[in-house]
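Please read through the structure below; I'll follow up with questions.
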Amino acid sequence: MSKSVSESVKNPYIPNLAEIIKIKSETPDTSTFRIKISNGSEFKFQPGQFIELTVFGYGEAPISISGGTTSKDSFEITVRKMGEVTSALFRLQEGKKVGIRGPFGHGWPLDVMKRKNVLLIGGGIGLAPLRPLIQEILRNRKDFERVILMYGARTPKDILFKDEFPLWSKKMEVYRTVDKGEPGWDETVGVVTVLFDEFEVYPEETIAVQCGPPIMMYFVTKKLKELGFPDENIYVSLERRMECGMGICGRCSIGGIYVCKDGPVFSYSTIKGLLERAI
Amino acid sequence: MSKRELSINEIVRIEGHLDVSIYLSDGQVNRVQAKAIEGTRILERFLVGRSYLEVPEMASRMCGVCSAIHKVSSVQAVENALGIVLPEKLQKLRELLVIGGHLHSHVIHMFFFILPDYYGKDSALDLLPSDPEFVKKLIKIRKIINDMLKILGGSLVHPITPVAGGFAKPIYKKNLQNALNILKLLRKEIMDPVRFELAMGIPELEVKNTYVAVTDGKTVPLLHGDIRVFPSGKTYKPNEYQKVIKPLREKYSTAPHFLLDNRETYYVGAISRLNINHPYLSDAAKELCKEFNISFPMDNPFANNIAQLIEIVHYMDVAEQLLNDLISDPPKETRVDFEIKAGEGIAVTEAPRGMLIHHYKFNSEGYATWANIITPTAQNLKNIEKTAKAYTEALVNLGVEALLKFEIEKLVRAYDPCLSCSARFYKENP
Amino acid sequence: MNKKVKVGFFSLASCEGCYVDILNLDDKLLDILKYVEIVESRIFGIPKRSEELDVAFIEGAITCEEEIERAKEIRKRSKIVVALGDCACSGGKFMFKNFGFTGAKINQPPGKENFITEPIDKYIKVDYYLPGCPAKREEFVELVYSLLANRRFAEKPHSVCSECILYENDCLLEKGIPCLGPITQGGCGALCPTNGRGCFGCRGLYEDANIDGLIEAFKKHNIPIPDYLYELKKKLVEAAKHE
Amino acid sequence: MVSEKTKPSKKSLEVYLIKKENLLTLVSKLADEFEIIAPVRTNGSVRFEKITDINQIELGYIGHTKLPLKKFFEPPKEVLFTYTIKNDSVEIKDNLEQIAKEKRVILGAHACDIHSLEIMDKVFLGEYHDPYYAARRNNTIIIGEICNDTAEYCFCYYTKSGPNAQSGFDLLLTDVNDAYFVEVGSEKGKDLISRFSDLFEKAEVKYIDLKDEKVQKLIKKMREKGLPEMDKVYQDMVNAFSKEIWEELSKICLACGKCNYTCPTCYCFDINDEIDPERTSGSRVRTWSSCHFLVFTRVTSGEVFRKDRSSRVKQRIYHKLVYSVNEIGEISCVGCGRCIDVCPAEIDLREIVKKIKGGA
């Protein structure tokens, strides 16, 4: 695990100053922010990890890193405007300072996926933590077998990373669906699980990774099990309330594990064995 | 024939909503009506069916300015009903709390509600630009009193500590010592503003009034005593109040009005307390009267304000005496035991604005079956009408009718009316 | 902040204790006045001006037609309406106000047999609630500052008990004193229990209020169960059905 | 983990005696240098407070204080750092510097409370170091005291955290009539003894026996309660996860959170920013939270992960007796009985475990 940022300042609660260097609007309520650590120190992370983002004057929120694996000192986050901190972030312009703690947690199991089929399933903003994984896979495309992306959004307008899909479609299979279609949308309409009808998978040779709202992950996992996926081949990225990111504040505990430091990416075999239901 | 009605709507800087209508024809003042327009909260109705524990809590909500006296009077009426007798020291603590409330209320009224009148300003806050130091001093005074209330009552508005049988929480010697220190600080700060306002004087207006206050022939009592009428000198026991104080419903008002013996308007408040009990003022208060040539009885309705200023000094002296007594021999108990039984209790007390009556009946399980509360302002409404009429006539005679609205507001304010507690009847649609 | 925020203070049927308590802010009030201009308030001596307002603080419950009209009028010209105090938030006299008048028959005002006091949000939209009897002055400051700073006004999603324990108070229930702390929303700093008197629920229901549980707890401590707890329960069950 | 209640080996341990009046002298000398935190009786109950007068100290109190020692290590509300926003830059001032300056002595900590700090250490000084907690731990000298008697709610014997303290203290006192028998638990403790050596005397062996007798008496008294050993109920608890009992408890639990706040090993917190109205300066504050509150697991979308009260009732108890074993290798109940004492619904952890053991 990389702890470069938290190590560079001794106190892990103190955010590192960073600058918003680019803002790109993705959907009416979601934008991607490119962020650069101010003191020029290196920022290394693994796809699937997250940071704690401070908007000064408002507070902190956990946000997944959504891109930038190749850059040494900057990275991207894709944020949906929801509450206090995220709304305040949307009021900031390029050049403004934010605070960064992290990266925290464990990312996607890249090693496990190598030489296997990869099935990526994202719902809504849940595509954000999958994006660095997609970028990584595409950069080393030959290390992986068949790669499939299933993505569901509320409406066509809510689809993230619209201009990246053409490129992605060239290098992997992409299936998209929306809850509510509109004129001009000729792809699928319905919840993510309907996309399972579009192709055939080979559960034993496929690693399925997913991130989305709890209800989506519940049904997707159910479907994967029906299709015969072994528990170890299913990975999920969980969302929980979190304050510290370091397994101290206790908020993200599920039956004895911490989403922040033990996750957010978990093998289904791990969370399945927990006393508490994780998804 | 020129008939007209002059109405003054929503008099500001008083507690609650009050309109005054003056009906004039041909230079004659026909009638003055003080109309409480407070939406009704019919508190007595809420009290019925409530346990003896809750009654004082709700009664306290009669008024946010003088919640201390409402709370204590209510508790006292409950105690009377349940046959609880408080040990002397707890009684003294109660008195201290009530004095805190009176100081708090008098300070708001005299310095925040009355003072702007004499500066020709809308609000005490408007004095901020011209005299920030003075405003800051006033605020400091309030802060000091607030600290005292907090020690004794637990909170500033709606004190928490008084409960049937004594106090909900022990008040320790160190708390009392703190209160004494605070009081000394207060004395240092408050004398200047008091003198300042006494020196400003009041408008000239002589109206003979009947004054009613609680008396015990020894002190200027707040919590215990008989009902005395001045100048007649008639005295009634608390449980005789219904014989003399008679309610009157006026269609134009949501508050009940009151008359003495069904015929006479009367004045309650600081002016009545002092007109009746002035021999028992503290030395310092008497000194102050001498300094400003104040003699009793005072027959100017505006003189209620003078009486309030004198009282501020008097109460500080009484409080100091009480605190010294209590510090040298602090109360040992917090609350006395009692049994719940059926009963009827009356408390006739002095609120900052005048005589206050709480009267309840409880069933054998301690639930209220009947309640009656008579507030000072309600008793004063008829007298407000009477004196406002006299003042209007005087102003009309002087030919300064233009000032009428401003001056009548000033007169009403001199009574320190508190409408939220007096208006408790449902407003009937005409 | 260059332009001052225009606020008005209004009261409907109330004891005005909430305003008195705001006056009790003393010097903190002067700090607030750096950012805030009071353009209408009877108690501050600022007469009716019928201006447009940024924030209207309304104290008091609604008890008659005029007050409904008044509330609507204020709403119309105010960007933000704040219900100040328990009367405005819930209709007043604490959470049990509209419930079970036990014991003797109640004197009903003529022609209005089912007279009831109403919270202002029954008639107008309310943006923020400052519960409590009186509303807590510190919370008033908190709200004003959150509005100024474009922040969300923090909810207080915890019980009074959880604040009571911070003062290391002995629980009043153990002494047989009824206390609504367990079902009441915190934020008051457990003021009443800390002063030795049971909580009366002036801040409204805690979001996970367990009325049945409280009834059981009262029973365990030999505390007579006030009727309003049963009434309250009925109301909640009904409200849940409507959802 | 403390496993066995062994008495101190007579030879290896450094033991002293301090006369009662000398202890007061020691405390007043320490007060020049340290903040003294000690049990004080207020309004009838005992609480740990910073003392201003040594006569306030109430050693030998029975049972527990309402709030445990955690309030001095993880305060109910604390500012982590403050910041000022100037034009485009932000300046952060860590409050740690301030905290690092404090020097404190805690006097009169009972065995359960001492052990609770050792448990908290595993959380706050585990994989990630919490510097605020660490600074306070470093700054604080713990002088413990063996209980004179056990109270109604005590069950430290069954959690292996008392009545004797094995470690976690700097000095440990045992009241032996006119003096305290003193055991040294750390370098810091040793230091104290040598600095104030004139106040201490070497303890004769008989005092070791006196202490041991005292502890044995306490153990005997506690054993009469006949409870299950809490560190051995893991599997029973695991098996009981979907039992009816939780549903029943959720009917009476008021979700008030008192049990969390009063527990010496409940550490969960919230972090929020407070700022001035002009948005130029702010502070990051951490406050206690409780797993009984819905907000504990509520995320912005509105989802609450432990919506049923029964899942929250379970969370606290499972954290103490099950999850904690997974996380830090031991149960995190120290048997102080606080949660039982303060619960308005009279929910009793001991009874729950007993019922589960009995097959409920």
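So that you can tell them apart, the chains are marked A, B, C and D in the order they are listed, and the count of residues begins at 1 in each.
FYI, a residue touches a chain if its C-beta (ideal position, glycine included) is under 8 Å from a C-beta of that chain, and two chains touch if they have at least 3 such contacts.
Everything numeric here is computed off the predicted structure, so don't read it as measured data.
Look at the CA centroids: the one farthest from the centroid of chain B belongs to A.
Centroids of chain B and chain D (each the mean of its C-alpha atoms) stand 52 Å apart. The centroid of the Cα atoms in chain A and the matching centroid in chain C are 42 Å apart. Put simply, the C-alpha centre of chain A and that of chain B have 67 angstrom between them. Averaging Cα coordinates per chain places chain A and chain D 39 Å apart.
Across the assembly, chain C contributes 149-151 as residues in contact with two or more other chains. Contact of a single residue of chain A with at least two other chains is seen at positions 57-58, 83. Within chain D, contacts with two or more other chains are made by residues 43, 272, 275, 279.
Under the touch rule stated earlier, the contacting chain pairs are A-C, A-D, B-C, C-D. Taken together, the chain A residues at the contact with chain C in this complex read 57-58, 83-84, 88, 91.
Residues 42-45, 47, 65-67, 76, 251-258, 260-262, 272, 275-279, 290, 292-295, 309, 342, 344-346 of chain D are the ones touching chain C in the complex. Within the complex, the chain D residues that touch chain A are 80-81, 83, 85, 88-90, 92, 94, 96, 123-124, 126-132, 238, 241, 267-273, 275, 279, 282, 284, 286, 289, 291, 296-301, 303, 305, 311, 315, 318-319, 322-324, 326-327. Considering their complex, residues 1, 35, 144-145, 148-151, 154-155, 157-159, 161-162, 164-166, 168-171, 173, 181-183, 206-208, 210, 212-214, 216-217, 220 of chain C touch chain D.
The residues of chain C lying in touch with chain A in their complex are 149-152.
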